[in-house]
Amino acid sequence: MDQTGAPMATKSRANARTRRIKRPDYAKKIGQPPGVLVHLGEIKTEHPAITLFEFDDSGLHEQRFASVLESRDYTPQHRVLWLNVYGLQEPEVMSEIGRRFGLHPLTLEDILNTHQRPKLDDYGNYLYAVARAWRANPETGEVISDQVSIVLGESFVLTFQEQPGGLFDPIRERLRKNVGAARERGPDYLAYSLLDAVVDRYFNCLDSLAGSVERVEDAMNQPRMSRLIGDINRLKHDTRELRRTVWPLREVVAGLQRADERFVRRSTDIYLRDVHDHIVQVVESLDSLRDATGDLLDLHLSLESQRLNVEVRALTVVSMLFMPATLISGIFGMNFHSIPWLERADGFWLAIGMMLFIASVMGLIFWRRQWLQST
Amino acid sequence: MDQTGAPMATKSRANARTRRIKRPDYAKKIGQPPGVLVHLGEIKTEHPAITLFEFDDSGLHEQRFASVLESRDYTPQHRVLWLNVYGLQEPEVMSEIGRRFGLHPLTLEDILNTHQRPKLDDYGNYLYAVARAWRANPETGEVISDQVSIVLGESFVLTFQEQPGGLFDPIRERLRKNVGAARERGPDYLAYSLLDAVVDRYFNCLDSLAGSVERVEDAMNQPRMSRLIGDINRLKHDTRELRRTVWPLREVVAGLQRADERFVRRSTDIYLRDVHDHIVQVVESLDSLRDATGDLLDLHLSLESQRLNVEVRALTVVSMLFMPATLISGIFGMNFHSIPWLERADGFWLAIGMMLFIASVMGLIFWRRQWLQST
Amino acid sequence: MDQTGAPMATKSRANARTRRIKRPDYAKKIGQPPGVLVHLGEIKTEHPAITLFEFDDSGLHEQRFASVLESRDYTPQHRVLWLNVYGLQEPEVMSEIGRRFGLHPLTLEDILNTHQRPKLDDYGNYLYAVARAWRANPETGEVISDQVSIVLGESFVLTFQEQPGGLFDPIRERLRKNVGAARERGPDYLAYSLLDAVVDRYFNCLDSLAGSVERVEDAMNQPRMSRLIGDINRLKHDTRELRRTVWPLREVVAGLQRADERFVRRSTDIYLRDVHDHIVQVVESLDSLRDATGDLLDLHLSLESQRLNVEVRALTVVSMLFMPATLISGIFGMNFHSIPWLERADGFWLAIGMMLFIASVMGLIFWRRQWLQST
Amino acid sequence: MDQTGAPMATKSRANARTRRIKRPDYAKKIGQPPGVLVHLGEIKTEHPAITLFEFDDSGLHEQRFASVLESRDYTPQHRVLWLNVYGLQEPEVMSEIGRRFGLHPLTLEDILNTHQRPKLDDYGNYLYAVARAWRANPETGEVISDQVSIVLGESFVLTFQEQPGGLFDPIRERLRKNVGAARERGPDYLAYSLLDAVVDRYFNCLDSLAGSVERVEDAMNQPRMSRLIGDINRLKHDTRELRRTVWPLREVVAGLQRADERFVRRSTDIYLRDVHDHIVQVVESLDSLRDATGDLLDLHLSLESQRLNVEVRALTVVSMLFMPATLISGIFGMNFHSIPWLERADGFWLAIGMMLFIASVMGLIFWRRQWLQST
Amino acid sequence: MDQTGAPMATKSRANARTRRIKRPDYAKKIGQPPGVLVHLGEIKTEHPAITLFEFDDSGLHEQRFASVLESRDYTPQHRVLWLNVYGLQEPEVMSEIGRRFGLHPLTLEDILNTHQRPKLDDYGNYLYAVARAWRANPETGEVISDQVSIVLGESFVLTFQEQPGGLFDPIRERLRKNVGAARERGPDYLAYSLLDAVVDRYFNCLDSLAGSVERVEDAMNQPRMSRLIGDINRLKHDTRELRRTVWPLREVVAGLQRADERFVRRSTDIYLRDVHDHIVQVVESLDSLRDATGDLLDLHLSLESQRLNVEVRALTVVSMLFMPATLISGIFGMNFHSIPWLERADGFWLAIGMMLFIASVMGLIFWRRQWLQST
């Protein structure tokens, strides 16, 4: 994950400016009537790409369209059709697909607004599911989430992603090789596989987060890492935000389990239950990480504060060693006519000896009370 | 949002006196029987203004009444009637409208009491909904809320606002231009549009709040901003109060979805579900902001406390550099008859050198322990 | 509320002894079989007072009984009868009323035990509701609660209060003047009016609490108010306790809405819904106050701690200004035979100048670092 | 409660060793098949004692058995039979009773395992209820809980206690005197009375806890009570643990209300509702105490920390008063040939006056800033 | 538990490296289609071991298979079959068993993935339950959890454990000895016994955790144990994680109670209810431990901080004792021509006496204010 070996704190500071709370550009949308298509969110890929998979027991047909016009004349030949779109910034692509598959304007609006919360909407002739896929930045350990929209009809599945990321590549591969008779199952099993792929990625990112927690734990033993607070707060924030994108996914899966037999056959339920278990497992791992991070923060703050206090005590103790010596020097510096020892030849050394003796006794006492340890 | 460029802290202090917890003037109302109309709340507009929109497929009629008397003789000619009232301080306006549309005294009382919590009441012959619209003060970033009352009958919609704010202007414009066949739909779709307009404003204010959080985040890196605590507490308070005005709105929308077919046709449900999703999104954003603000406060307090402690340690360390030198000067100031070096010509410089040497050695040790860094 | 102008802290201290956690005298009751009448709680009024209101469309009869014996021979002449009792310490009054109206021993026991939680019990031939009325002490801002018991039968309403407080005076006045045809409605509307009067008082006390919060907020800006912690804790405690007496009242009202048609006619439901909304509003205001108080406490503690730390730093800084001067005086006090400047006529002034110069440079540095500001 | 007058802290320390978290001896039980009777818990009474009450309208028979053998030949003559057992360590007693009344092995196991959570189990031919009775140690204010098992059959009630404590004595007395026709009611009313007696004791212990909170509150005003933290923590712990033993009792009572008519006649429901209300009241009082204790702890910690900081500031301030004087003495101790005032007869007194003057001015400044107050 | 006597802190440090947050190797699994068998988790035993128990009223047959091949030809002769497998790393063993008993691929996948959350899945022809068994490391007090899978069919029970640990040995022994007619009951009673054995172990580990809490409590009274924070945090973490493995087990048992009569006969319900009660008891004990640990942490931090502050105050106080003496020595070291006492023979001793007198008075004041106590 972190192969460059550069210290973590440096990196996270370098990213400080880009790690701000992202402000979605809601303003674009305000005042528009519902159903007007405006893309809300960053543009993450340059040209939208459309790929088509068509399959049933008899075979598989795979095609890539350069533009939405090209796809207009295409006639499907197999039982199950899967259309995937990367890049959402061209409203005309969306409206063409919407017209073709009979999507409601609100569905298209939701697909384009990439700040959706995971949910499942039943539009009568199709189901519309939104999920969020995670990506861990291997450089910084930062985890960000993209929106994945899945439209499940009786004979088709449409998927919309913000950018290509290889998320669904294993599924494509399995379809090509017909692993586990993948082609024989219907669109509901395909939709399940897509959700499963999204959830699988979560485990990957959990790994990355756990790695960050470990790095912070290691750094804690080093003397003085005031920047750790920022790193821990970042982890807390990431864990919390990720939890928010996973938690409602449970309801999406539960909704699919309750969905009409037309869209989800009961034989697929057993697989959906499996995804549901995985989601709960992810949420519990996130809770574990969150608790661990909270404990780390408390531990760090109290260790740091204690360390500082112990140092201040050590300094105070050392300064006390000088006090009796200074007083003695002052006493023998007084201008009285008769002061003992002043006339003696070894008087000076007796005074110095007295200073050293008192300082040693005090040092010994402090040493035994363990007050001189500064760290 | 904040174009004047004046520093934030100054502004927020200037507003300190006006930012108090607002005490509603409940006393006016106590002891009155239910249904007596007394306006509770600030008077935010001078003269109540009444505007009328009437429309169906055949056309649109728009009129503005100077007084409630003027409107008395008006006979509606279209299927859907929308009456909007700004300013609630004149009870006679309210009672005239109440009489005309058959409103229950408790409804009128609720409209006038501008401290209502969002809710939906079914009065049999009409539905009464209360929502709170937000306004962000562009000068201070402060967000305040006004009450919006919506009465939905079988053929009319009445809206009551505390003051004009352009909240419903886009809807008026769409009706005038008949965008998306807006005129062909019934009062339920109009009520949905009004709620949608209210919720759209929320995103605007979220933007403003997120901006304030960013400004606080930036200010955190500057050396010593003890006033930040006040700013952060204000943000926490605002976020919490806003959440309280949005959360019950979910139930209002859910209530409309469950409402009688007479008032809300089932074809409008799909739009209400959309508003519902937006409300949940607003609540989650507020939760995110609240958590971020809480983290900022903790971070600020611990940074500030650590900074102060580190400074105190640095001062202690510096004061220790003087101790051996002072002791040496005391030793050579003693009045013993025979003290080494005292007779030597370079004795003074030897003593000074000894002082400098010890101070340097100590300084070096402290430097390497990083105890001299004060910030 | 606080017209005397005396400082708040003084007052709250004067009340410290009386503000203890009140220990109900449970011991009196232990070991008694259920239904034995023992008055639990302080005796707040000397002589129980019994007042009777009887009314229907035809008129109103009002009577005051000196003792329970006097009332024994009374025969009601109107449809609705309302008996109000102040002072609960005489069990014989209670048992006579219980016998007359057929009250269950457990009801009488609950009326006498003034530490009840708000609740609604259905005893078959009547409903028994307990609520808590608040009173704000205008001297101290303290809010305390009294128990109000309401028994609602098919043709009568009985109310029991710990002491007279004018709580139901507006209702009596409305009955006397027959405002809003008050006499034409049944006992259920009367019971609603009584509950509404109780809830109206809550707003009054919320006002008083909000005033206390404001006073604390103002006091926060004054230099050193260590007693504020106690005041804030008192507010926290009051808000919490009041919330406990309001929260279950929601269930009482909901219970009345679900109650048998014999006791509560459906036409009264709309009014009960209104009371329910008010209760929710009170709870939300209390939550707001509680959060505000919590924030105030955190703010106060961190400000106080920071102020103290800044002062300690300022003192440390000032003490450092003396160090170089003291060292210089020590150096020129050494007894070496040859020390530069010692022979010069202006040597002394050179040394003093050196001391002032170094102190000034240090002072300037500290000044620019803002380390000398002590508050 | 605390009549000896010895200071509280001393007592609570004396009990420190016994107040440990109690570790139930689960190990005894592990690996045993279900239904094997092993007594789990401390042995709190030496010899099990068995007492029998038999009664109906016609009369009452009371008997005490020395051993279980003696009871074997006993034939009941009345309608309701109540058998009470103190001391659970002899499994043969239990198995004999189990055989006689047809108890399931799991019931016997639960009776013997004195770490049960309150619950109600329906075994078809009887109901088995577990509750926890509290006892306040009058010496230390400590509250501990014993297990009370109640078996309710159609014509019998069996009760099992860990030790005699007079818990059920008032009920016995009422049966003997037939107060309130106690003998005429069935076993369900007896079971209610037993539960009511358990709950009545709770109020007694609440009293004792509230007394401890008051003592801590008083001690807070005394200068330096670092041991208070331990006392407050003990109170927090006790309140929490007691709440755990009361909360599930609500379900026990609710279960009895839902129970079969064979065991609980509907006429007893009204009494069970009363017990239910009392339990809710106990839980709320515990919540109040818990909140009060939490506030006390926060208050204590912040007061203690502030006090210490104020003292350190006062010491720093006093040490600053010596600095200018020491510098002046150093200046006039320098060995320059010409130093002003040195030759003057009153030079010494001028210097001393200067020292006093500067110290006085500084002292005045510090005094007015209120920096010299140490507590 | 801790028989070696070595101090606890040392041990826990020795284990620091191994106590990291465990990162499950999710990566192995990503991209695989569902149902592909990959073992996820550590390999805890070298060779899988398969043991068979077959029994009914007529007798018991027990056999141990060296490999899965050996078991292929085995024909069962009794009514109930129990197959137990230790070690999960060989997928071929699993697939052979799966084929033989008709297990779904997802079941096998769940058995092999040892990071499952406890759950109960109904696969139509069998029930699949996952639980987590705890093991306390007697050396370190550390508690870890292993996955136990139980497959309950109509006539068989399959159990899968990660490693042999004697968990089910008491059940084997009871079957061999036919204690309590264990052989006469069906597979549901066997499944209950297995779950009961798992839950029994929990009590064992609770014991170990409570012991650790006690050791920490003891260590708290020793002067300076900064490492306690780490130990307490470990306890908090362990308690939290264990709670996560027990909580969902309630649903497993509830699921068994609701399960089809084919798998669980109603006569077993009473035993399952008993297990359910035990689980709730474990959860409550964990909650108690968690609260106790949290209190310990707060107590430790505040004691440690207070101790440090008291020490700093003591040091400050001692340093103040030297100040007047140093000033006096400076005063009599000034070079004025006429200074009182300088000429007197006992002047020196008068000055020394003055120093001692002032220091004694100050020391007495500080002593009475209890400022000199350093711990």
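Just so it is clear, A, B, C, D and E label the chains in written order, and each chain counts residues from 1 on its own.
Throughout what follows, contacts are C-beta pairs under 8 Å (C-beta built on N, C-alpha and C of every residue); 3 or more make two chains touch, one makes a residue touch a chain.
All of these numbers come straight from a predicted model, not from anything done at the bench.
Colleague: Just to be sure I understand: going only through chains that touch, what's the smallest number of steps from chain C to chain D?
Modeller: Steps on the shortest route: 1.
Colleague: Where chain B and chain C touch, do the two copies share over half of their residue numbers, giving same, or under half, giving different?
Modeller: Different, since under half the interface numbering is common to both chains.
Colleague: Can you give the rotation angle that fits chain A onto its twin chain C by Cα atoms, in degrees and rounded to the nearest 5?
Modeller: Superposing chain A on chain C takes a rotation of 145 degrees, nearest 5.
Colleague: Using mean CA coordinates as chain centres, what's the chain B-chain D distance in Å?
Modeller: 44
Colleague: So the centre of each chain is just the mean of its C-alpha atoms; given that, what is the distance between chain A and chain E in Å?
Modeller: 28
Colleague: Identify all positions of chain A at which a residue touches two or more other chains, and write them in rising order.
Modeller: Chain A, residues with two or more chain partners: 305, 309, 312, 316, 319, 326, 330, 333-335, 339.
Colleague: Testing understanding: with touching defined as stated, what is the shape of the graph linking the protein chains, line, ring, star, complete or other?
Modeller: Basically the chains close up into a ring.
Colleague: What is the sequence of chains around the ring when one begins at chain A and proceeds first to chain E?
Modeller: A, E, D, C, B
Colleague: Once bound in the complex, which stretches of chain E touch chain A?
Modeller: For this pair, the touching residues of chain E are 20-21, 23-24, 26-27, 29-35, 104, 106, 110, 115-117, 119, 121, 123, 223-224, 226, 229-230, 233, 236-237, 240-241, 244, 301, 304-305, 308-309, 311-312, 315-316, 318-319, 322, 325-326, 329-330, 332-335, 339, 341-345, 347-348, 351-352, 374.
Colleague: Spell out the residues on chain C that touch chain B in their complex, using ranges where they run on.
Modeller: It comes out as residues 170, 174, 179-180, 182, 193, 196, 200-201, 203-204, 206-207, 210-211, 213-214, 217, 270-271, 273-274, 277, 280-281, 284, 287-289, 291-292, 295, 299, 302-303, 305-306, 309-310, 312-313, 316-317, 319-320, 323-324, 326-327, 330-331, 333-340, 369-371.
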